[in-house]
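Sharing a structure below in structure tokens format, with a few things to ask.
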Amino acid sequence: MPLIRRPQPKQAASRSFEPSRSRVSSLDRLIFFSDGVHAIAITLLVLPITVPRVAEGDLGRALADNWREYFAYGLSFVVIGFYWLLHHRVFNFIVREDRVLVRLNLLLLACIAFLPFPTAVLGEYGSNWAAVSAYAASIAATGLVWSALWWWASSGRRLIDDTLTDGEIRSRQVDGILTPIVFAASIPVAQIDPGAAEIMWLALIPLGAAVQRYYARDSRG
Amino acid sequence: MPLIRRPQPKQAASRSFEPSRSRVSSLDRLIFFSDGVHAIAITLLVLPITVPRVAEGDLGRALADNWREYFAYGLSFVVIGFYWLLHHRVFNFIVREDRVLVRLNLLLLACIAFLPFPTAVLGEYGSNWAAVSAYAASIAATGLVWSALWWWASSGRRLIDDTLTDGEIRSRQVDGILTPIVFAASIPVAQIDPGAAEIMWLALIPLGAAVQRYYARDSRG
Amino acid sequence: MPLIRRPQPKQAASRSFEPSRSRVSSLDRLIFFSDGVHAIAITLLVLPITVPRVAEGDLGRALADNWREYFAYGLSFVVIGFYWLLHHRVFNFIVREDRVLVRLNLLLLACIAFLPFPTAVLGEYGSNWAAVSAYAASIAATGLVWSALWWWASSGRRLIDDTLTDGEIRSRQVDGILTPIVFAASIPVAQIDPGAAEIMWLALIPLGAAVQRYYARDSRG
Amino acid sequence: MPLIRRPQPKQAASRSFEPSRSRVSSLDRLIFFSDGVHAIAITLLVLPITVPRVAEGDLGRALADNWREYFAYGLSFVVIGFYWLLHHRVFNFIVREDRVLVRLNLLLLACIAFLPFPTAVLGEYGSNWAAVSAYAASIAATGLVWSALWWWASSGRRLIDDTLTDGEIRSRQVDGILTPIVFAASIPVAQIDPGAAEIMWLALIPLGAAVQRYYARDSRG
């Protein structure tokens, strides 16, 4: 009955009935808000791609020369998409919130929502060491906050349920620290050879495989 | 009872009760996220429309001269709206997710979220062959990813339920490949006559009719 | 039981169980998408407000001179907020969707999502007749689409339930046409005196009162 | 049964069944819309951070010189995050809506959605008195609207349930007025010493502690 929205004038005035009380739990609002920030950040990635201002005849070449911006767009789309999938997965196991989780989640969102900026720098400057380092640092910071969030939620099963075994919890703690390590390690490399640092990021592919293993585990129960 | 959000301190500490566990399914989060990206991308289409910088007296004419940007806005609004409707329809039949679906869906969103860029190029350069080709290529890519997604979900009824007959599944597979074919075919045409390529896009109208047929089928059961 | 998201590996493979089927109805997705577009458009209104580029000492005055942009922001916030409230109200009575409703709703969203552009023009040019006319035309178009949507949904109770009396339906049809009439009528006025046209928009206040009457009616049942 | 979305052709035509009626309550739509505006505003904060246009070799230094923009981003992220948490908390207790609440909430959202602008000014001009004052005034206005909203909802338990004691309601009324007072008081200080005004904002930390106390109270029941 509370699923029906039709106005119920008499009961609505009485306090024992709550026809309009929200049925969205606090944890659901946290998840919706996080999904929203991920969705907006991932969609804003397109904004810094610049429309070339050239003579009509040169537009084709100018669009092709833009390739660094498309690469940065694609890379950051994969990164934010990967973190969204991780959020999606991890919050499947979280059954309670506390104020540390809420704050770590906000800090995580601050990192995610910041990514369009280093992406724009990378798209503009390409294999410049400062651009590559700024990008790697942003993603390493995001990964560190993720690890902290998962560590907080999972250690001693503080906020998670019994679905996962202890071994699975530990293995996810290890997996989660991989991204920040790879990206942090690429910063000194970028001082010497920015292209080599970008190649290190291809470590995203084994990380993608790690996410695949997450899914595989879930389907096995 | 789990519909009531009122804090229940004692049970909350016990692990057998889950008063704050999210009730949003994984597939629902996928759908919300996709709706969010579509909604954001469609609303960002307005941002590249430039406020003219002219003398006060010339504003009327300058706003009218902007018509190419309004046309590009309207066209991309129809395109993203069409793809959102398709998402809306197709996910009505999807009852399970797997990791391929999740990734194809992210790839699709990357295409949708990219559309404001070729739209801005088209609005700026109009019937330039490079602008027309870039726009057509973006939409053809989006349509190809859609076809892949539907093919993956529907072949062998991998992720869909029994609502659709085999004939309906096949007919949707054919419908879905129409948009990318029309837009891909318009690319070589644009090399010769960009205006003719834009006229080909009026093939959107029969495609709209195809969506109508989708709805008609649904109402017949 | 379907409210619990815990993976249920064996049943998930069987077709008769649907543990992950979305529970979001098609009409709900339409409403979420519409809420999303309204929320994004209303938040994008801030983007065209320009950060002054002046000497440090002149910043205070430059910020104050920006008042036209703040006025345009506030005005459009009220307008989009008003239309969102109307959407909120009207979709309370809509119990079915059809493809005309879906398309009229998309057309409405195209109007709403376009509003940041005329707002930016108005903020930049102020009481210029072309800026005032473009703004008024955009809002008149939005209002016309709204009237069409409500007329379609309500005539012959095509898509609405029995909550409203025939008199209430007609009175809402009249109310809905008020905004486009006021804004359309302000366009010729703006050719002569743009300030007078803006004063006509204060007709928003009686319109606000009309929304109040909507609420009053609902609370009476 | 209404949880199943499968098309039910015959009943759909009959008026006594409502297979597609939305199950989202009016208060839930208000909350979703508010979450959306908070999420968008917090994510738009990144847009004004400017990609430096310098020689390749100077990029590292130019990115470092950008620190005021990162500071403004972080500060406003904390502020909007704080207000979102407050919304999250307060709407836990609100069980009814009325038109004053809906309008105060819209006014609040207008304040929140405006924050990216003073943030951009602060990021661009830093410790300029006008920039600091504009920022403080925006946040003070946001806080005042919040206080009005909470006062309206809670006085005489107009829109809230019985979960809170009278003492808790009053203590939240006091807490809520703290932010606007601190920020308003920093405006005259900024005329003399803008840096001192920014230090006053560190009063955000005790405010954060106040939110902690909110949570502590909830967990005690």
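Letters A, B, C and D mark the chains as written, and numbering starts fresh at 1 in each.
Note that a residue touches a chain if its C-beta (ideal position, glycine included) is under 8 Å from a C-beta of that chain, and two chains touch if they have at least 3 such contacts.
Given the structure is predicted, the values throughout are model-derived calculations rather than measurements.
Different-residue interface: chain B and chain C share under half of the residue numbers found at their contact. On a Cα centroid basis, the chain most remote from chain B in this structure is D. Per-chain Cα centroids separate chain B from chain C by 22 Å. If you average the Cα atoms of chain B and of chain D, the two centres end up 31 Å apart. Touching two or more other chains at once are residues 5, 12, 21-24, 26, 32, 36, 40, 44, 47, 92, 161 of chain B. Partner chain A is touched in their complex by these residues of chain B: 3-5, 12, 15, 18, 20-24, 26, 29-30, 32-33, 36-37, 40-41, 44, 47-48, 98-99, 102, 106, 109-110, 113-114, 116-117, 120-121, 124-125, 128-131, 133-134.
Listed in rising order, the residues of chain D touching chain A in the complex are 2, 21-28, 31-32, 35-36, 38-40, 42-47, 49, 51-52, 56, 59-60, 63, 73-74, 77, 81, 84-85, 88, 91-92, 94-97, 161-162, 211-212, 215.
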